[in-house]
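For clarity, chains are labelled A, B, C, D, E and F in written order, and residue numbers in each chain start from 1.
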């Protein structure tokens, strides 16, 4: 086990001692402020999957030099000593450097930084690729492939939401693949649903979220996310790819319609109410997997012995965590 | 082809001629009124899958004798002559008799009386029986079997709703079987969902509708339906069977919870918000199949050449009826 | 005065006499049906600004030949004799021909066919052209000009709605010009609002309605209107023109944002909530002119002596029609 | 006056001194945690009617032994010394024992632990007993008596809510008796309301809350409360007693309907809308007394000299506390 | 029994015969129109408690002379012959005269014209007078007395609503007296409620409806009703009387507050949320009696043998009409 | 620059040193409490435009003598030493005196105490006076003048809201003048709107807020604000002035209607829906300027370099702060 300390470990060190430590964290917030003496200093918030803390870096320090150009959402390795200010954990930092996600992973710390789904990224990605391969209509397949080619890096890691369902790294990929599996299981039961359109619609339904959120490890709404919203952004991306792939007008409109209507209700952001068999189907499968994803997550993260989860906003109740008594 | 006339055929006969006809219809409404001379007469509404009309039967006639004791929702065979009163089609009846559904079927008219699903009742029933057989836990299976044994006749024919989805003869059976199929397709993807509970919950989720509605061929809300609602009626039925089958408390509560929560939202009648993996799952599969059932029905009933259906209340839009252009 | 009869005039002719007449009407609905003898016949609804009526055209007639290929929403000149069927006015048609709007205008009947605004189309159009000229930023002006060049014919005549505000011929043009005037009057008071963006946003805010509705004289929602909605259609049109005009990204996003947010609330169809000074401004000016447009219309159409209008859905009350007593 | 210290008294002791104290409190929360050395320790929250505080009990202490098996919601007597940790009052505990409510009462501390209504439990209970006696129909009286016999202990002490009206010890009893009094005062004015059914319905309307909440002195929702809700739980209890008392079907259904509909609106949890004179009546009397109970409570608890209460969620405003000026 | 025919009797006369008749009806609507020959004619709607019909009066007739100056809502006695036009009952009128309500009453026809409550106006009025007498505070009593003195004629006859509860002649008086009775029964239970204010508040709570509605026997919203609403109109009336009676400021504000808040929710028209014990109390008693009034009315008007009423908008369900089975 | 310290300056002084300071603040809250020794002490909250802090004044001190009789919302000058209690800034006060706003202004500190609009009070007031002068109808002008004469002092300084738009000193005056300007710019475009009524309606539309809020520098809802609400209070004020000015009934009702309906929707507090051209117009101009006022304020208060504001409740989004890129 590495000697890097998690936030939870840092906070459990005796407040009375100034213990030296090293750690790898996400730079969640960074603000430049002016001290009484007129010099700038940085107030940073650092965190991992288990918590976060604030610290300051003054203008003439090496830590300031290292963090001043860093972007919110990047990964940093720091050294320092534990300390408290007004009873808040607020360590003194002695060194800092921005590192790549790959290095954090090599150090075995990436998993500790952010919540990830139980299936590996590679496994999920393979299923997505399979999904594309299952589309038979050449231009429709090309449309989807084109979008995925352009967005692969982001698609592999993005969350599916900031605070509701699948709100963690790879969450969008996981949710999309789970919907694909549900789709393929259900298609034989609803022959009115065109398989190609349903699969393409599922893969692209949330593609606008790649632009709506920003920040690799700490998602927040982007400028274009505020101005356009993910539904319209996804529509735009899909439309461009469809035009480049010479998809015929009918299929283009139907594919776009799936994206525009998948939120289900106007007040949840749907630009149109689902009006084709495929759009109704994708919207319902989306809702099914979003809700089941919330259930899966609270079961996965439950503390030993808890009977119920906390109340989940998305389900408007708390979830029973114990297994059925099948005796 | 029989010489029985459908309502649509009757109404297309030249209004100027008093054409004799025979027909088999559902007795949709029956009211006793008093004529100017103080004698009672019946005002009846008769209809089939394609429309309805009103007619009167006076107190001293054979038609009155035949229809006076008949219950709303039964099937009647009538003879009469076409006529109009205030420009409304209102034939003069010369003979009437109540007949059994089996006789209407023998005459090949049952299908014309009421809308039915595309799969046969027998095929659907076999799937339901299979569903029960798939439940492994003995007392849970016994609970479901007990309910089905008690309600088979009604369950085979009841609609799933008065005006929303699957609102036709055998609609409840069809909807339940479609949910079972979806459930069995999806279970491998959501291993957190207990298969036994999900299957039992699906079979029983709408069982209260057998009491909520009344009238064999023309459903309306019953007294107990108004006073209790189908959610509580289903809960009561399932609870009784569970107690008789010695189902353990945990499974009983979870099964009841699926029924109590399946409507999804309190304002749609859910007594509790879905709080177990199985309850969330059944509620979402219910919603998925209800919406897809509306789509399937408008596609099935579409007029040749229509591009869109009428606006559907349950989908808040009209449905595109033409197939995708896969060229 | 022409010898063409308006619908109101036709209906006031003594029902007992079969009076020959000529008239120019809009073909509002057209359905093909099958008569008892197996031949097709047309059931058409014809109307003008003051009412409508139904008539039939049988398969072997000249009227059938003329109307069979006609599109709903076109203008037709007919000859016939007044008649009633089941007390509904339902004339017998002896001749029919589709004519151009220009011919109806030449006959002085266009104004009788459809409601129009008090200002002439030319006057309104001149104001729109002036509005474009007032945009200073070259690429922004080019973007707007490009859209208007592509849509002029439709923009000149389209209604601004099917049933709410400015729901009549030239209504979109009138509403847009009224918003432009309000905008130019208000801009000096809100210097935070960029004039170029506000003007461009106003001209293009409802441009998607040109695709959302179809039918020259009898608007209904088009296929793409159902699948995409006017907000997204307008976004698409503006975006394409902006790209072709090499408008910079910032202005493109802001212009698109005005269109995406102008409906004000998500449940009224806004894809995003207004988040720039210009978007808030355009959305509020839109709401102001829509509501004032309803007031102007009921005042314009009020019957002499009425104290109040009917209840208006869009205002949730009836409007006081009498002028203030300034004595 | 006893030497037990209330929470408010403890917190007003000079933070600088470690003052020894004894006290009787409710064990509101109890969590088991693991210390850095791997040993378990308890984090407990203790409180009374005036506040609460946290304290720790380590694994090898007598306090740990005493509190480890204690249930949340029980009453404990502790000894300790005042202390602060991170400026939060967090005393060091030296002894603890679980005691019965009767002992707390004997020590004169029960009233300080929990809020209680102004009327004594005995007085309220006598009125409830009188209410039952007033039911004339033998099986209906037996039904109610049976439920009350089975639940007396709980019914005497349960609150009527967790956070809305009558949310304190004996609150359910108080609310029920107040409704009974209102009912008997109003019955002569509404002769359409059957007195027996109204009285029985009032006594049983919230009976499900005995199962919905758990914890003697610190109510929270139980497992079955989450899964079924108090409306269905009350229905079940009443139904069972009615069956055992051989109550006829009509009265059973009407009694059940009162319970199922008393919440008034579906989104507030009503399973059916009130559809009998008695159900409408009970639902309105319930609403009346719930709202008046909120008013009575804020008047009772008002600080001398306050003109208004805090804003009450249940009334959507603040309440004027001063008496009318009748000069 | 008089020889005047009710509307129902007129409509049951054989359509084929032109039967002479006399009748007393309310003039519900009156519109002046222009006939083809340029002469004015009246189109009137006449009705009683059981229905209504239209008839025309041409410009040169005695009937025209009699009805032209008549106000909508007045009572008329007509003679004529039964006739049908387009299958609508539309008699030919030969004589008409406006008569006073007292004359209609003398003829024993007033009760047939309009629905009235079961208690007599005199009895209800006596209770109102008693209510005023029970107010002890001199200026408060004077305030109420002053309003009642000014409005007695209208108060005695006005309905309490156009379409919801107590929507019939004397309905406001009946509802007010029923609330007074409920108030006096409940006051001993809620001693926090000042009796004087509650009684005064109840008597005046709906006083604004006397101005909000107009038309003696056929209420519709008046001009000031549309512009101000009954809540503000009632406030204005009460305030004026309070000032004239030198009621102190505190009681004036509290009395006004009861009127302003009695509708309960802002979207139902409350200007403020009830924030005094009296205002909460009056608002809840209002709601109780409004709902019970709907129940009483459907029970009173039920047809022999009906199990359920029609669905009532105000209760969101249908009402069970049969008495409980107390066997 | 004065030696008075702002709250922000006080809080940035090194917590370790007890620095003497002087300051001018608003007395935001004042509560009397009882210390352990039985003596009373004051807990006061003092603040300025940039923040606030708490301090205590014990019963036997000069500070207590000075602040005990002071009203919440007045201005005080204090001396003291910086100090912290439980890590909260909580200075020790050595002297205090209540001062007039004029003195605070003379010391150049008024602007630091409260947020004010960019235009000066005098400039805004001159525009209001001009607005009145523009009313041509003598009695209408007199009505408005009378109200303004009676309320000038309050009108000049009151905020337009507690927490939504224009929620700062002079905010009501600024909002009213901005609406007047918008009105005069728009009137030529909507000739159906009577200028006199629109101007009078705008000046008086929020006049009730002068009574709804209280506290010169720290607005909170008054007793009458809770009991009546600003809509009814404004109605009352306008009505009284109209009666005194002998304004005719028609104009009085229309002016009152503008005030009663300006909130736009019943759930936002409108007593009636806007039903005259002037009322619709004023209500829409109010909404326009309220929303634009929120935009102007966040732009004015934006931190250098921020791209977006915080999320604004009133706009349901965050506002883009950067200017358009007009390159």
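Going forward, a contact is a pair of C-beta atoms (placed from the backbone, for glycine too) under 8 Å apart; a residue touches a chain by one contact, two chains touch by 3 or more.
This one's a predicted model, so the numbers in the text were calculated from it and none came from an experiment.
J.: Chains in contact with subunit A and with subunit F: which ones?
T.: C, D
J.: Could you work out which chain's C-alpha centre is the most distant one from the centre of subunit A?
T.: When every chain centre is compared against subunit A, the largest gap points to E.
J.: So using the touch definition from the top, which pair is joined by more C-beta contacts, A-B or C-E?
T.: Higher C-beta contact count between the two pairs: A-B.
J.: Just curious, how far off is subunit D from subunit B if you go by their C-alpha centres, in Å?
T.: The separation of the two C-alpha centroids amounts to 45 Å.
J.: Could you say which residues in subunit F touch two or more other chains, in rising order?
T.: In subunit F, residues 87, 223, 226-227, 254, 272, 275-276, 308, 317-318, 320 touch at least two other chains, as defined above.
J.: If I apply the definition of touch given earlier, which pairs of chains qualify?
T.: All touching pairs, sorted by chain label, are A-B, A-C, A-D, A-F, B-C, B-D, B-E, C-E, C-F, D-E, D-F, E-F.
J.: Would you pull the subunit F residues touching subunit A in the complex into a rising list?
T.: Per the touch definition, subunit F meets subunit A at residues 12, 87, 307-308, 317-318, 320.
J.: Quick one: which bits of subunit D touch subunit E in the complex? Just the residue numbers, please.
T.: 137, 178, 181-182, 185-186, 188-190, 192-194, 196-197, 248-251, 254, 272-278, 280-281, 284-285, 287-288, 291-292, 295-296, 299, 308, 315-320, 323-327
J.: Under the stated contact criterion, what part of subunit B meets subunit D in this complex?
T.: Residues of subunit B touching subunit D: 223-224, 226-229, 231-232, 235-236, 239, 253-254, 256-257, 260, 266-269, 271-272, 275-276.
J.: Which part of subunit D faces subunit A closely enough to touch in the complex?
T.: Of all residues in subunit D, those touching subunit A are 36, 86-87, 223, 226-227.
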